[in-house]
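Think of it as A, B, C and D in the order they're written, each chain with its own count starting at 1.
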Amino acid sequence: MDAYIGPLLFLGAAGLLAIGVVGMLLSNHLFRMVLALVIAEAGVNLMLVLAGYRWDAVAPILQPGVAAQPMVDPIPQALVLTAIVIGVGVQALALTLVIRIREAYGTLDMAEVRARMEVDVAAAGGGEATGSRERPAGGRPLPGPGALPEPPR
Amino acid sequence: MFWLLLGIVILMLTSAVLVLVLDNLLAALAASSVVSLALALVFVILRAPDVAMTEAAVGAGLSALILVLALRRLGLVGVGGRRVGEGDDA
Amino acid sequence: MMAYAVALPLVAAFLLPVLHNASRWLGILVGPAALVAVLLVVFQSWQPAVLPFAMDLGGFAPPWGITFYVDALALLFCGAVALMTLLLWPRDEGDGDADALVRRRSLTLLLAAAAAGLALSGDLFNIYVFYELAAVASYGLAAERGTPAAYAAAFRYLMLSALGSVIALAGIAIIYFETGTLNLAHLSLLAGELQGPTGMAAFLCLLVGFGVKAELFPVNAWVPEVYGVTTRRTAGLLAGLVSKLAVLVLVRLLVLVFPQEGLRDALLLLGVLGLIGGELAAWKARDMTRMLAFSSIGQLGLVFVAFSLPGTAGLVAGIVVAVHHMVLKPGLFLLAGQWGGGLRGLAGAARRAPLAGLLFVLFALSLVGLPPLPGFWAKFLVLTGLAGQGGGLGWLAMVAILVATVLEVSYLFRLAGRLYSRGDDEVPAAATGGGTVTAGVFGALVVAAVVFAPALWDEVQDMGAGAGDAALYVRTVGPMVPTMISGGAP
Amino acid sequence: MPRFATVLFLAGFAFLLFSLTLTLGFGEPPMRAGQGVLDQAVAGTGAANAVSAVLLGFRGLDTLGELSILFAAATAGGLVLGHRRPGGDGPPAGAILQAGTRLLFPLMLVVGFYIVLHGHLTPGGGFQGGVILAAAFFLPVLAGTGAGPDHALLRVVEGLAGTVFILIGLAALWTGGVFLEPLLVDRGALHELFSAGTLPLLYLAVGLKVGAELAGLLAHMARAGGGEA
């Protein structure tokens, strides 16, 4: 059965990636989208480590007093370390944005956030503002980039 | 070894699906931590101790901590009627 | 030497908050100083006799270490990065938030370092890292204004971009599975192993990933949203610079690793869809910013059409179209920033700001492609290339370009007419000056391109020939050990 | 309609992934670059841990980029959340929690620095150690016994640590080498703490930078949490 370990783990990685991507694309909840991103990243990381895995090899660390043995490929492991840390940075930034969106719009529903954002963008552009509910000043053309009403910090 | 890994993979995939379907966000977050921990175990088996350490420390620890802090900020931790105290994060 | 192009902006970005606390003037000066130094380094390296050359970072020979490949094209983009970042340097928005200004400047410097890295790097994963750095910096810049809409647009941009990054990383994993290397020159030697469906799958993953920043057709939903909520300077930076560097990465991949015909056709089709879709949306847009955003999607579609042409002709056409758009779009965004957005409020604006109006007409004429402005040459090169290639897709693309040109004429001159019309209703605020001056620099670049056209033409020909030569790339990066090409170790 | 396109894309993507399971080879990687890295790791960088050799030697630029990404994320996070005074969040901590925090803090500090400084010999290194350092400084906030790390100090640490990393890289350039080339690798015997030349120094810079960045991000999150929720 050991011959199937590789395909099994790859299926696991692909499954995590697919579940994560499904969640990011189809979920309508901002926080759950971030969770789905975490899952998708986990899947890709497993995929990368698998790319350097070698049967009957040891971890790529020289032990004192032990004769040289075949080792697994260290490069994908280094790549995954980099990818994990990058992923955390992106997640944290995404969460700060989620917090701000919740404060501003009072909702975490993507469809609703998108609709409100489009109204705001149109208003800021000075185009066809279909109805700016919370910013009465939004309808007029802006004099310059610096003159947007400051949001409450 | 195969059967152990099969178990871990099934655990990972089930938890991943749970992340998407659980109503309680705190529970979904816990499920995502389960994925990370299971993944760290897989990394140990794949002879990647460095990656396993990082995944456990960052994926299961730090990332979960950031997510919990964000949930608390969003006021969503009390969904099940229970508030999460300060100590639960550690 | 070229390592400074990445290292200097990074050091400046790291130290900016500290220096700002120590001394206000040091904080203001350190960023521009680093960028000027990068420009000097680029000028110093621009010696045709020594180009192209490769650098083994860390002193490890390829494919073990990371390689920087410096050719005329990479230098051109490095110089453009430094110059454009200087011109579009974040300004004090007058809201008195010094801390936010320092952070925005730090992010801009990080963006410049990442863009230089993208232009130079010859290693697939290193490109991914720099791409992510550019991405994270641009998320921050997308949210810089701190409005609710800015946060929402930045979040949606982040999610789409992160999705692309995850898929691109999966593509890199697949390539590593197949070849066991990440060095582009090494991959070029092994391109035969990536001919099959597996290689195709890897390329599609990379295309989706890098296509997000390149405003490629199906993954460009973020463009109008983000450009609508940022300052116009950031919009100019993202549309002008970052998108082109993502395109450059895709072009390097196509030339070196994936020379298959079918992939070029796919790129051509996506380019045509982006071109028509973007220009149509721009034609329908009701405010200037969104008009420019959609027109940017259309122009990037044209860039993809150009780069999908085979051989040196395609590269030359692509470089001309890309550089043309890189100069024009920030200029237009700066003018839009002067005037505010809504088309209706623009009546008679050019009468009150004649220089800005003149610049707008210059940019519009070049965008449409009136000879002898550079935009004409850009479109001319693409059209002749397509005619030479022939085939059903080629003709389809030619028709698409002509239709797009008609749309461009229609919406740009509708706007120009409004700018020069007799304004009777409300008076827009007077132009504040700074933006027009910077836009004037871009206008001067356009005029200079007309004056020095013959010399530039030779330069671009050499550049395209050099960039399209995969064998030259491999030769320059260095000899690989033969066993690493034939088969694996175990 | 967009939903339909999304589902179509998902189906294609899933099909692509699962068909790859049948075509990719597992367990016998080509090792075209990897074998050379393993062979040269000790001679080139002096590190017994090949993953560390790759991270700081062979692919040092990736690590620099990664530090920059963390810096960018922290900077952008600060830009988004703004600077706010820490509010009084949560109930005051009990005696046990306070005592535990006081006990844990030095312990975590020691463990963190140990992991950072032994990264070239054993599993671990700047990233893992940096996370523990960040957690150590964040502990008082978590337990509700203190205000957490000083923000101005964090800025200085993150700025200087990143600069030191680049300066060590540039030092090689100025002494006739290439950017990010490992220096002094032949000093000290393999498996000893003071071996591998500048690698431990680089890891120290990485650890401090990662620790400061993450502590800053956590503090931002927690501070926002205490604000007005």
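Convention: a residue touches a chain if its C-beta (ideal position, glycine included) is under 8 Å from a C-beta of that chain, and two chains touch if they have at least 3 such contacts.
Note that the structure is a prediction, hence the values are computed from the model and not measured.
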Which of B-D and A-D has more C-beta contact pairs: A-D
Length of the line joining the C-alpha centres of chain B and chain C, rounded to whole Å: 38
Whole-Å gap between the CA centroids of chain A and chain B: 15
Centre distance in Å when chain B and chain D are each reduced to the mean of their C-alpha atoms: 20
Numbers and ranges of chain C residues touching at least 2 other chains: 125, 129, 132, 136, 139-140, 143, 146, 151, 154, 167, 170, 177, 180, 182, 490
Multi-chain contact sites of chain B, meaning residues that touch two or more partners: 48-51, 54, 58, 62, 66, 70, 73-74
Chain A, residues touching no fewer than two other chains: 5, 9, 11, 17, 20-22, 25, 50-54, 59-61, 73, 75, 77, 79, 81-82, 84-86, 88-90, 92-93, 95, 97-100, 153
Chain-level touch network, classified as line, ring, star, complete or other: other
Touching pairs - complete list by chain label: A-B, A-C, A-D, B-D, C-D
Of chain A, residues touching chain D in the complex: 5-7, 9-11, 14, 17-18, 21-22, 25-26, 50-55, 59-64, 71, 73-75, 77-79, 81-82, 84-86, 88-90, 92-93, 95-97, 99-100, 153
Chain D - residues contacting chain A, complex: 6, 9-10, 13-14, 17-18, 20-22, 24-29, 31, 33-35, 37-38, 41-42, 48-51, 53-55, 58-59, 62-63, 65-66, 69-70, 72-74, 76-77, 80-82, 84, 122-123, 127, 190-191, 210, 213-214, 217, 220-221, 224
Partner chain A, residues of chain B touching it in the complex: 1-3, 5-6, 8-9, 12-13, 16-17, 19-20, 25, 28-29, 32, 35-36, 39, 42-43, 46-51, 54-55, 58-59, 62-63, 66-67, 70-71, 73-74, 76
Chain B contact footprint on chain A (complex, rising order): 1-2, 4-5, 8-9, 11-12, 15-16, 19-20, 22-23, 27, 31-32, 34-36, 38-39, 42, 45-46, 49-50, 53, 57-61, 72, 77, 80-81, 84-85, 87-88, 91-92, 95, 98-99, 102, 108
In the complex with chain D, residue positions of chain B that touch it: 48-54, 57-58, 61-62, 65-66, 69-70, 72-75, 85-87, 89-90
